[in-house]
Amino acid sequence: MSATIGCNDFIRMLRAAIAQIEQNHETLSRLDSHGGDGDHGSTMRRAMACVEKAIAETGESPDLKALLHNVGWAVMGVDGGATGPLFGMLFMGMSAPAAGKADLDAAELAGVFEAGLASVRKNTKAQVGDKTLIDALAPAVETLRKEADAGADPTRALEAAAAAAQAGAAATKEMQARFGRAKNVKEKSIGNQDAGAASVSLIFRGFAKGVQSNG
Amino acid sequence: MSATIGCNDFIRMLRAAIAQIEQNHETLSRLDSHGGDGDHGSTMRRAMACVEKAIAETGESPDLKALLHNVGWAVMGVDGGATGPLFGMLFMGMSAPAAGKADLDAAELAGVFEAGLASVRKNTKAQVGDKTLIDALAPAVETLRKEADAGADPTRALEAAAAAAQAGAAATKEMQARFGRAKNVKEKSIGNQDAGAASVSLIFRGFAKGVQSNG
Amino acid sequence: MAMKKFINDPDNLVHELLEGFALANSSKVQLAGENLVVRAKPKSQDKVALVTLGGSGHEPALSGYVGEGMLDVSVPGEIFAAPGPPRVIEAIRAAHRDAGMLFVVLNHAGDVMSANVVMGMAESEGLNVKQILTHEDISAGSREDPSDRRGLVGCLPVIKVAGAAAEKGCSLDECLAVAERMEHNMATLAVAVSGATHPATGDVISTVADDEMVVGMGQHGEAGGGTQKLATADKTAEIMLNALLDDLKVKKGEKILVLLNGVGSTTLMELYLVLRAVKRTLKGKGVKLARSIVGEFLTVQEMGGFQMCIARMDDELIDLWDAPCNTPALVVK
Amino acid sequence: MAMKKFINDPDNLVHELLEGFALANSSKVQLAGENLVVRAKPKSQDKVALVTLGGSGHEPALSGYVGEGMLDVSVPGEIFAAPGPPRVIEAIRAAHRDAGMLFVVLNHAGDVMSANVVMGMAESEGLNVKQILTHEDISAGSREDPSDRRGLVGCLPVIKVAGAAAEKGCSLDECLAVAERMEHNMATLAVAVSGATHPATGDVISTVADDEMVVGMGQHGEAGGGTQKLATADKTAEIMLNALLDDLKVKKGEKILVLLNGVGSTTLMELYLVLRAVKRTLKGKGVKLARSIVGEFLTVQEMGGFQMCIARMDDELIDLWDAPCNTPALVVK
């Protein structure tokens, strides 16, 4: 358990998130095939390959801001629909408040993720309830803040955030899509989880696991 | 029975030939479908419609040369492969020796058809045995000449020519095509009559019938 | 049926096609940076540059319109997928000039997101770039709220007139104004008769029943009638043209441009029949067919069908439409 | 699958398509007489005229090449059927001039018969016309006895260089010499991956098994290998190019033109991949790719596949190939 999150913790978190996507990419594509174009799993896989590459290229003694910026930029470079810009903006947005920080406490960690969420929101008007990745991301980030306010350490906060993301993703099952390709199939989008929300849930699951592996 | 063939006889002959093609166009297309492109019946039908139109346009008191020329020219105007030029040249070639003649005796009739055959030959190097309309046309024309030499009247000569055309067409069944599209399928062309030869046979059958209807 | 395409490694498809494209058009275009398509002879720096982005697999669009009188840079993405922001900002930085840049974006989710990120970056870098979004597909959304209207082949007239204005030396604001006037005065509708396959994955992109056509490819055919029995050229032209004239509220006496875009296996022959029918219907309504153009400008692989785009023209737009250009996919003398 | 084409009355198909074609290209061509396609602005009478004939259904060929720098008159026949002599001689009479006429004929039975009749008539009428027959399909016959070699897309370079020579004011003999030099130095091979339907009758024209391609559309694939498993762009390019280089006996250091003609549903994307592969193979052999052109020039409805045409070029042929032209289907500045 960590009281603070350093750059190497983040790398472990990212790698665990990569592993989650790798294990579940077929499910993600299947989810995207109801109403979407069925490519979300493969796009996320390509995005995660870029994350791994960015980690490697950031080098030996990375700084957190550079790491997050490079990861975000690399994900942006993935040609393919919504995923690149949305997930890319998440990480790039996270990098700004990490400037000059080697280790983040729970409150700072929440601040970093809040900046990431804000940056995603700049690129979509989707709100909670619209059946997009916002449905998983927004509750996860809110949970991080609440846990920090309640005095939780980053590990516990991330565990709670992962649970919130999972619940948020699960809730999308009953929703009708109002953004993304699935919007076109209207009420037929009801009955399956949103693929992007499922991805966010997996990523937070990875973060929670990755940070614990440092225990 | 006629001792000479006038313009109105020729019109009757042509109309009987049109009727023959009309009754048998499906067979002609079927024959063309072995090795050819299956359009010979419909092309001949269009050609015969042009013949009818040319007869009508040639007017009340036609002259034989003009009639044959107009018929040939009209048939030429049928877009569609070999048929237009070959049958068109037949009639156009026939028109020259008919110049200045109101009625043809058997020898003159043979001369007219010989000129038609010569004109067809200008457009193809196909010889008897090559599985083309020449296999029916050449023996029919030769028979006209032989019958005239033997003193037959035009009616009898045309009856004999029709029989010769029919025999010539029948003989193409065992031949391998060396001209036209059917050439491409090589030995597979053996086993069916040549469509163009069958047309010539039908036309001569029509001529023989048409000239008799004046009896 | 299995996909029957001549390709090599699907992962290298876009790069290979760009290489061949540049080779076939080496007097007009060249590749630069990371799969960017630029002019063989760059436009002078004192003129506004036109930049666009878009997925590949729609050849000749969009890179086919790079050249004199039209685009300066195109950023092709993967098959059917918009390029991510990094390559786009690279293109924008390379095309940067004091005269400014016009950034042409077709309204598709990925393209717009990528463009938005890039516009944000460009602004913070102080680059002088303005965006024109094309969204003229009338099968979804409305003229009042066009956010759901996709950008189809209407990008071509927009690029043509804005490119001509730029070539003439118009300012960025003037180029933008021309582009916006064109954009606001056009409407497109698509009809599909057969589907297509994704060339990299082999996935079937869409299917149409054997005796049917889909007018308006919006899933519910909000305009144009949706799925219906295959109709004649005349009838199809009438259905589509009426929907377009209606949407654009074209009035008697007005002049329009008609653009027919074959999307794949539909023949030029058929498109000529459709244009003839369009002309007749317009005549009946007293609308003037000022200009027309027929071809394959923005394709969707081997899909059967076409897009009909109409645009209300004024004299300036007609002049710019007629202006010379020299690109791989469109040459006007 | 049923035919899915936008047509009206099949019997009126050709006339309707020509009307639409003329409408879409009214600044370049117009209809004259009985469905003849002529230039909108006739060439001056002191220059040699180029006339051609051919079946319809292959759009943009052949009428798409009527215009400045290429043809003067095209006589389109019915779908896939050469026009009969009456309309052709009408065209020849109309184009008649002291400078003479070059009559471009593709080697197909109907076309040749029609042309022969017309040449006979023209001679007896004292019209100054010379014929060039194109027969560059290497899949049947041989270079020594090319009578069975069909005329495919090679008509395009022949028309291009002869048209450019005519526009420059060359004499009929000079135009003919250029056309013949081009004709003797070219070779074409076609590959098909899927069939097509006759747009007027709905008949299936040809079929190809799901996992196969046919190289050399001569029935027995005399050159190129005939029916074989569908191959990659690289492999297909190599098979075809090698057969062509062989037939034409192209030697190291020589300069060639490569023309890739999509015949229907095969995409530009694929053709670019093929051109890229051609370039690589040529490089390996030390043959120079002097010029290349990729597009849909002579189609066969929705058929899948393409024709690869190569031509040995000299400096004069390259100049004529590069010369300006302004036709519906090809514009060179």
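Labels A, B, C and D are assigned to the chains in the order they are written; within every chain, residues are numbered from 1.
Here is the rule we use: contacts are C-beta pairs under 8 Å (C-beta built on N, C-alpha and C of every residue); 3 or more make two chains touch, one makes a residue touch a chain.
These numbers come from a predicted model, not from an experiment.
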{"item": "Smallest count of steps, each to a touching chain, taking chain A to chain B", "value": "3"}
{"item": "Set of chains whose contacts include both chain D and chain A", "value": "C"}
{"item": "Remotest chain, chain B as reference, centres from CA atoms", "value": "A"}
{"item": "Length of the line joining the C-alpha centres of chain B and chain D, rounded to whole Å", "value": "34"}
{"item": "Centroid spacing, where centroids are CA-atom means, of chain B and chain C in whole angstrom", "value": "57"}
{"item": "Centre distance in Å when chain C and chain D are each reduced to the mean of their C-alpha atoms", "value": "29"}
{"item": "Multi-partner residues of chain A (at least 2 other chains)", "value": "none"}
{"item": "Chain D residues counted as touching two or more neighbouring chains", "value": "none"}
{"item": "Chain-level touch network, classified as line, ring, star, complete or other", "value": "line"}
{"item": "In contact (per the touch rule at the top): chain pairs", "value": "A-C, B-D, C-D"}
{"item": "Chain C residues touching chain D - in the complex, by the definition given at the top", "value": "1-2, 4-8, 13, 16-21, 23-24, 56-57, 59-60, 193-194, 199, 210-211, 213, 230-234, 236, 260, 264-277, 279, 289, 292-294, 296, 299, 301-302, 304, 306, 324, 326, 331-333"}
{"item": "Residue ranges of chain B touching chain D (in the complex, touch as defined)", "value": "38, 73, 76-82, 84-86, 88-89, 122-124, 180-181, 184-186"}
{"item": "Residues of chain D that touch chain B when the two form their complex", "value": "55, 77-78, 81-87, 109-110, 113-114, 116-117, 120, 140, 203, 218-220"}
